[in-house]
Structure formats: C-alpha cells, structure tokens
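Should a chain be cited, it is by its letter among A, B, C and D, assigned in written order, with residues numbered from 1 in that chain.
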Amino acid sequence: MLHSQDIKVRFYEIDPYNHLNHSAYVQYFEVARIELLELVGYGMAELAAAGFHIVVTGIQTRFLSPAHSGDTVTVDSEVGEIKRVTAVFNQRIRRGDIILATQTVTAAFTNPEGRPTRAPDGFMEALAPYTGTELG
Amino acid sequence: MLHSQDIKVRFYEIDPYNHLNHSAYVQYFEVARIELLELVGYGMAELAAAGFHIVVTGIQTRFLSPAHSGDTVTVDSEVGEIKRVTAVFNQRIRRGDIILATQTVTAAFTNPEGRPTRAPDGFMEALAPYTGTELG
Amino acid sequence: MLHSQDIKVRFYEIDPYNHLNHSAYVQYFEVARIELLELVGYGMAELAAAGFHIVVTGIQTRFLSPAHSGDTVTVDSEVGEIKRVTAVFNQRIRRGDIILATQTVTAAFTNPEGRPTRAPDGFMEALAPYTGTELG
Amino acid sequence: MLHSQDIKVRFYEIDPYNHLNHSAYVQYFEVARIELLELVGYGMAELAAAGFHIVVTGIQTRFLSPAHSGDTVTVDSEVGEIKRVTAVFNQRIRRGDIILATQTVTAAFTNPEGRPTRAPDGFMEALAPYTGTELG
C-alpha cells in the first residue's frame, strides 16, 4: 500500500527559475516519511523518547519535472526493505499523474550518540502494510 | 563599534520575484548576531554548555530594497541595550552603501527549560565594545 | 472574520533548541497570508499575471512560546488597513488556545520592476470580510 | 583540480538531532557548484542573461557523519563528465579530514522554457581545469 501525503508548494521555496528548488523536494520526501512513521506509531517524538534516532544515510533522487508556487503535490511513499539497522523507502512526488521526482532513501537507526542500533521492536511489523515494490 | 559580517546570497534563498525572501533576511540577521556572540566568547555552544539559551522574543524589521542571487551583502550589528535578562540588537543589511533592511531584535536568556534567567556573568562587558547608537 | 490556516511543523524547521526557529514563524505567516489572498481571488499567480507584485515592507513580530516538531499550529490572519498602495495584516500563531507568536505585516504593491503601484481593482472589496480589529 | 569552498553551518540549519539536516547538505552542494560556475565565468546571472538555465536532474548522496552548529565545513567539487546537454559533478563535504557526505550530481542545460539545450560555447573548456577523477 502506498502512503500518500499532499503538500502545497510554498512561495518562498521557489527559486529564481520559478521552480521548487531541488533541495525542497528532498525536504518534502522527509516530511512524508515522517508522517508515515507517525501514522504507524513510530513518530519522531516516540522514537526519541524510546532512545532511537532515525537518520538518512543515503538518497538517490531524480528530478523529472518542475513544481511551481501554489501547486499541490502528492508524495507517495513505500517501504522497500527493512533490515536490522536500516530501512529503505521508495518515494515519488507527483502533481496528479505527472511524476515530478523519485527517490530511494536509506535510513538507519542509531542511539542518541549516533551509534547504529537495531530497529525498535515491532517496527518492521508496523510498516508491513506499506511494504511493496510499486515504486522500487 | 559596528560588527560587520558579509554573506553571499544563495540561489535557493531567492523567491519567484527574484528577491531574497524576507524570511531569509531574518535568517541573515540571526547568522550575524551569532557570529558576534561567538566573537566575544559567548557562542551558541559555549552558552549551551554553561546552561544558557538565548532566544529571540521580538523583531521589528523593515525591508527597503531587494537583494538578488549572487549579491554579497553586509550585515552590520550593534548592541542597543542589555538588561538583566534581555538584550537588544540593532542591525541592518546593506549592499555597499545601499541599505536593504533594518532590524531591531530583542533576545532573552533562558535556561534549557525555557525559564527566563539572568544573562551570564561577563556578558555585558564582553559586548561593551559593540554597544552604540549608530543603528538605534 | 479571521482567516485560519493549519500548518504542521516540519522536523527540519526545528533548531537545536528544539524550537521552531523564529525565521520559520515568519515563513508560516507568509504561507497563511498567501492562502488568504488566493482564497479571495488574488493569489500570487493571478497577481503576477495581472502585473502586480506584493512585497513585504515591514514586520513586527513577537515570539511568545515555542513550537515543536510535529505540532500542528494555526495561523490566524486579519486585514488591518488597506490604503492605495499598502495593506496591513495582523496575524498570530497559536497551538490550540496558546498564542505562540503575533505579527503585524505591511505589504506594498509594486509593478514587476519594483515601483510602488496602486492595489488592483477590487482588492479592498475582496478582503473586506477579513477586515477587523480582533488581532490589531 | 578540486574546487573547495568553505561554509559555516548556520544555527537554523541544524535539526532536533543537533545535526545539519540532510537537505542542507544538498543546499551546500548547490552553493559550491554555483561558486565554481561563477568562478569560471558561467555564473547563474551570466547563464540566464545568455538564455540558459542549468537544472539538477539527479543526485546520489551519501551522508556519512553529522555536521553541527558552528562547524566550518569544506565542499570540494570536481567535474566528472560533460556531454552536449549534461554535466556531472562529484562533490564531498568534509570537516578537516573527516568526510561528512559525498554526492554525484547530474545537471542539464535548458532554455528558459525548460527544453534541454546544448551547453553554452566554451563551457567545457572553462571547466576543464576542474575535471578529474579524485572524487568520482
């Protein structure tokens, strides 16, 4: 199942080319992942309270078409693979049917001191409904 | 004495009007104040290590002329008044002789829990060389 | 009548104090004003197509209480005074009943070259329902 | 030859983990690329005046170690391959000898309407001194 999150493009996020700057796409992908985590009970506050950080260790992002001020875009997210320490998310941003960007993200769990650590109990199970290959 | 800090305008900070967005001016003013604090020995890390936060409680900002991508602007800062808990900074952003924005900022010391607290010992003395009325 | 806009605080907008940085409040105020303008038929794209820019010339902002990652805050906006060239907006950000920040903004119409110009026809009438003194 | 650009981490760019948010690394990489282009005579203003946009079409970024508030980091950039329409840049961010992030970026030339177009005359030659395989 895809998780879908609408985001309205903000005026100040647009660059002189009248495009959503590519770094803002990266921010939108983060916003949507965090919403998904929160939805399944592993929001950033809950994770921090349990002694976990979840940090991005890599992204591969393709920027296919520009978004503009005032556009409402949809960020689709899907869980690709979850291992002991890391999770892969496949994501895309689209405006209606037009794909604007795609991203594969690898994130890792650490303790608050930054040492890699096992994903919290139940994490994989909680995300299971969002595991898939549609965006992979 | 004025504290002066050059900042080069970044492409992604420019909005669709081809102007530095007004919120970015507010960020530049923060960057320059923090540089000044660091210069006099009260950088954010030193303050945090000593149990102090310094938070902005109010700004009055006038935006007079636009900055553009690639401009190098100068942020001038001066200390207006320091009381037990609060400090006032007067600042301006200029490109050469052209004033782009002016700001009066009030900041307050708190403990890490957010409770207002006296400025750290020596703070007023450290900033004394930058106290003035040129920008007030 | 107040215009109210909910915004969910994004993780990357939070600073090392675990607060929404004060410059992000300024961005939220802009987001809400633009929503209001769009609602009454004077969105940024419509204004630009008609040859108008609307630029911020001044803000007075008070930061009263911090917002945190994951908070949903509400930006209330009200039109204070509209003159030939300028419009004043009074705004506040709250989390439920707790006021986090207040702002008075002055904005001015310009042509695309930055020269001050009269507000577009019908602008004052369109905003009339949102004119008031509750936040003034 | 590597192009190296120092950037001081700004307080507001740090997220609640006390890390430079990963989207800010992407912004720093952009800042450094634009500096390099400007240095060799193809700054954003010059390109725009000549009818060229240069847009990012893909990034592959690895985040290896966190940067913190007040750190000065260095962005090293090198040109990987330049074709008719696209250019590849290899980049890294380091604090002294510690590599914090690496990135491969593909950028493409377009006209202002977004249609892919040949790189401007002399572009490849101008960047030749920065072509290399050290970061590839």
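What we mean here is this: a residue touches a chain if its C-beta (ideal position, glycine included) is under 8 Å from a C-beta of that chain, and two chains touch if they have at least 3 such contacts.
Only a predicted model underlies this, so the values are computations on that prediction, with no experimental measurement involved.
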Under the touch definition above, the chains in contact with both chain B and chain C are A, D
Residue numbers at the chain A-chain D contact, same meaning over half shared and different meaning under half, come out as same
Greatest centre-to-centre gap (Cα means) from chain C is with chain D
Chain centres from averaged Cα atoms put chain C and chain D apart, in whole Å, by 34
The distance between the C-alpha centres of chain A and chain D, rounded to whole Å, is 23
Per the C-alpha means, the centres of chain A and chain C lie apart by a whole-Å value of 28
Each of the following residues of chain D touches two or more other chains, namely 11-12, 16, 21, 23-24, 27, 30, 44, 69
Chain B contacts chain A in the complex at 11-12, 14-16, 18, 21, 23-24, 69
Per the touch rule, the chain A residues reaching chain D in their complex are 16-17, 19, 21-24, 26-27, 30, 44, 48, 53, 55-64, 66, 114
The residues of chain C that touch chain A in their complex are 10-12, 27, 30-31, 34, 38, 43-45, 69-70
